[in-house]
Amino acid sequence: MTDLTDLTVCSALKKLKAKEISPVELTNAYIEKATTGQKYNAYVYIDEKQALEKARESENHYLNGTNRALEGIPLGIKDLFCTKGMQTTACSRILGKFTPPYESTVTQNLLNSGALFLGKLNMDEFAMGGSNETSCFGTVVNPWSKAIPLVAGGSSGGSAAAVAAKMCAAATGTDTGGSIREPSAFCGVTGIKPTYGRCSRYGIIAFASSLDQAGPICKDVADCALLLNNMAGYDAKDSTSSKKEVPDFCSFIGQDIKGLKVGIPNEYRSDGLNTEVAKYWDTAAEMLKSAGADIVNISLPHTKYALPAYYVIAPAEASSNLARYDGVRYGVRVDGNGLDELYINTRTAGFGKEVKRRILIGTYVLSAGYYDAYYLKAQKVRRLIKNDFDEAFKQCDIILTPTSPIEPFAIGDKKMAENPINMYLNDIFTVSVNLAGLPAMSLPIGLSSNGLPLGMQLIGRAFDEGTIFKTAYQLEQCAKFVRM
Amino acid sequence: MAVDNETVRKVAFLSRLRVEPEKLEETKQEFNKILSWVEELNEVDTDNVKPLVSVNDESLTMREDVVNAGQMSEAILQNAPAQEFGYFVVPKVVE
Amino acid sequence: MAEYIIETPKGKWEVICGLEIHCQIISKSKIFSGASTEFGDDVNENVSFVDAGMPGMLPTLNMECVHQAIKTGLGLNAIINKYSEFSRKNYFYADLPQGYQITQFQYPIVGEGFIDIDLEDGSSKRIRIERMHIEQDAGKSIHDLDPHKSFIDLNRAGVGLMEIVTKPDFRSPEEAGAFLRKLRSIVRYLGTCDGNMDEGAMRCDVNVSVRPYGSDELRTRCEMKNVNSVKFVMQAIEAETRRHIETYESGGEICQETRQFDPLTSSTKAMRKKEFAQDYRYFPEPDLPPLVLDDAFINKIKEEMIELPDAKKSRFINKLGLTSYDAMVICENKEVADFFEKAAEGHDAKKIANWLMGDFFAMLNRKNLTIADSPVSAENLGKLVELISKDVISGKIAKDVFEIMADTSEDPEKIVEERGLKQVTDTSAIESIIDTVLTANPDNVASYKAGKGNLIGWFVGQVMKQSQGKANPGLVNKLLKEKLDQ
């Protein structure tokens, strides 16, 4: 018998509708994988009982013919999404066993579409990290690891690993500087960060509000389109969510890309670029060309400054967003003599090293006397970066770049551990997109000589995820990447 | 702009985080490493560039003045580390 | 205007003072959440997940708060900024759930304006407004329930506030007091804030510095936070001025700090200092895009603007002939002004004003009632004055009628009719009483005729008594004189 967890969401739905399989069977298959896959440490919380209850409800919907778009599809949810009655911690000690009395809009949308949640997925603490090593629940192990355990990427490392190891049909992720795309690339799965404002941020624990966006991580491009259809939309509860109409992303799957102009930014051929990655980049361009697209060289002159700008803006916003974790209304509390001491004790014990580092930097760049030199400067550079893209999109319809300059590295890698900036540099191809608020997808293109997955990134115009979906689907067809 | 130990102590207090005295030097060095890296931004000419505050060009939507939340103190307090008589409780604040 | 100069044996000083006033916005729901703004509900019941700073919660702006702010801005004769931004002011406190306050910093919704204040000597002065912005209120910490704990109630957290910042234009406590009363009157007229300082709906921070009289230097200022009555604001300015002068004159220096005014001792004291100075780290609120208003939105509010105290006052002076003082007192409170206008409609406005500020207010005070609950309606007060004007009743009888109105809420015409209080203006009826009185008192008539002219008063009294006060006193006087002088 075929393994039900091999099915993509789209193909599973076909079988569910045809009543060839039942939601309970599908859910049980994923629960089985989630249990045997514990070595990957992708889940931080599994709610089997609740998942199976929901699966039985879905079964009724199929029997009654009231089945919805994602009826009975078992998903994993990044632990950054507040899920009503289900523990939500952002993988930080400071939240303790926080159980939200409310549901995030994105997960509510998914529930309304009939999806069910197997549990919560591991991530870097408060989504700050690129290797999932900052989680208070321990590091996620990349399912592609060979002899030594490799990182799954971050911050949505649990989501990417769980999808790769078939521990859920698809997962939610969030992306502030590459947190959907980098782990997707490292784990050989497909993930899209939609345009800023496409998905509501209501109920998603905030890292950097002006950069955070939710998106799906899936087995393939078509699943991403379907998932995003059921996540996106205007939400009055998020003042930054967009009122622009959400098209049916699935309708772009299979559309041809003849005459589409694909931009290749010169500035992305940086020193740190792995030669194999560079080679695959050329290959991907060739593939798109063979599918009818035109390749054009473009320039994004301020690329070099995206990371420094990001590492001013994101920590600044984070320092403020994380002020609410003070041990008063929820989460853990470490008592002290007086209020300030309670705050200091709680926050010092509750936050991990990387989070504390970013809070300190963020506090500093906003403080009196330094605001103009750092924060304001970074916001100005941010505009220049956005202008770069505006200019580039006058010459092309979509931009192709690698997702990460490197392949997955070892957990505890010395070079990464000794200097945080080395870790930050891994986001070099992804952060500009967040600064400019654009949509971008990572999809697997092939394996390195070490047998590890490498990803390509497609960047679209604001609110033009459609072009990404049709281009990514064509590239996927050419690349013929074999999932785990 | 290199920071000194005193600045690190001040920033730590503003953040309500403790930097142990023996970690002060190390924290300062790491701080300066990151700051000198982000100071690459100074290479960019940003004269006459408006800071980007919001990537969306949509202006703020306002909501109608309707009471549609509240009357749920139980849910508000359910995760509280300390509560009494419906209040959140903290150590005595001395003004 | 009388200058406020502080003279000491060592020299003359003047005070430089500016105010920052927080006004709670009248709206049904909070500025960034859908929880009620109701005051006095059970602990933590008017709290949404947003107000409690729960993870992942986001603010949404209440249109009514923007509307109220613009209305107030127009009332302050101020510029309304079509582009404004929200910012975060970051600091830790137990009743500040998010760890920051959403406020406006660089781009407030209301720009420069002014208010004209009226001073006791009849002069007026223009106080310039620097800006006004909108922001959220904090919750409440209760410190006196337990020796070791403080209790936090978030019902007030997130209620909308307007913060009005004046230029340092005040040169005396009196000016600051007059300003606060005027501001309170304006926001109450507009219905944008109820203005109650003792309930905290209006709170005042006071900035004070002094300088040698006649100089234009700017010395270090101190701020006194949350002074909660007009009287205390005036006292705080006085106390702080005194402290600055004493410090300078004894060779000391004033350091910039936040102080607290203690009404019991009428003095200010420095607040406890932390090791590091406060640093609010303002930055644009990333959860709220800039607020961009169009002309239509602002113009609609302009059309809704009602007549404000100043305009009303000058109309009452110019069109209705009130004295400047009467007009000022009547216009301070919109309900009083409205009551007055209704009562004065078609009647003698000056007389109505006299009644209002005399017997009417005295009656409300005595009965401990507000004008809204007055047993005497505006129409009835108007009718009463009309009865006097038309000589239907005398001023003296009118006072009795008014007391009956105050007890029964009845129409004065009905009271006069039913109780037969109509003034007797019938000459023959009065003459017959006069004849009776004169016949009964031949001795006094003789004395009068012999030259004791002041007995006329006694005769008038007798006639009035016999007529049970209903005879028209003027007529009585005239007829008596005619008869006696025959």
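Each chain carries a letter (A, B and C) given by its place in the written order, and its residues are counted from 1.
Convention: a residue touches a chain if its C-beta (ideal position, glycine included) is under 8 Å from a C-beta of that chain, and two chains touch if they have at least 3 such contacts.
Model, not experiment: these values are computed from the prediction.
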*Could you tell me which pair, B-C or A-C, is linked by more C-beta pairs in contact?*
B-C
*Taking all protein C-alpha atoms shown, work out their mean, then name the chain whose own C-alpha mean is nearest to it.*
B
*With chain centres defined as C-alpha means, what is the inter-centre distance between subunit A and subunit B in Å?*
23
*asked:* Between subunit A and subunit C, what distance separates the C-alpha centroids? Give it in angstrom.
replied: 58
_Mean-CA-position distance for subunit C and subunit B (Å)_ = 41
_Please output the residue numbers of subunit C that touch at least 2 other chains, ranges allowed._
49, 52, 60-61, 92, 94, 150, 152, 274, 279, 281, 286, 288-289
*Which residues does subunit A have that touch at least 2 chains other than itself?*
98, 101, 210, 236, 239-240, 319, 326, 328-330, 339-340, 343, 363, 367
*Sequence positions of subunit B contacting 2 or more other chains*: 10, 13-14, 16, 53-54, 56, 58, 60-61, 63, 72, 75-76, 88, 90-94
*For the complex, which residues does subunit B have touching subunit C?*
9-10, 13-14, 16, 53-54, 56, 58-73, 75-77, 84-95
*Where on subunit C is subunit A touching in the complex?*
49, 52-61, 88, 90, 92-94, 97-100, 150, 152, 274, 279, 281-283, 286-289
*So in the complex, which bits of subunit A are touching subunit B?*
98-99, 101, 196-197, 210, 236, 239-240, 242-243, 302, 304-305, 308-309, 311-312, 319, 326-333, 335-345, 347-348, 351, 356-357, 359-361, 363-364, 367, 370, 373-374, 376-384, 386, 419-421, 436-437, 462
*Okay, in this complex, where on subunit A does subunit C touch?*
81-82, 88, 90, 95, 98, 100-102, 104, 201-206, 208-210, 236-240, 316-317, 319-320, 322-324, 326, 328-330, 339-340, 343, 363, 366-368, 371, 375
*Report the residues of subunit C in contact with subunit B in the complex, numbered from low to high.*
27-29, 33-36, 42-50, 52, 60-66, 85, 92, 94, 141-143, 146-154, 260, 271-272, 274-276, 279, 281, 284, 286, 288-292
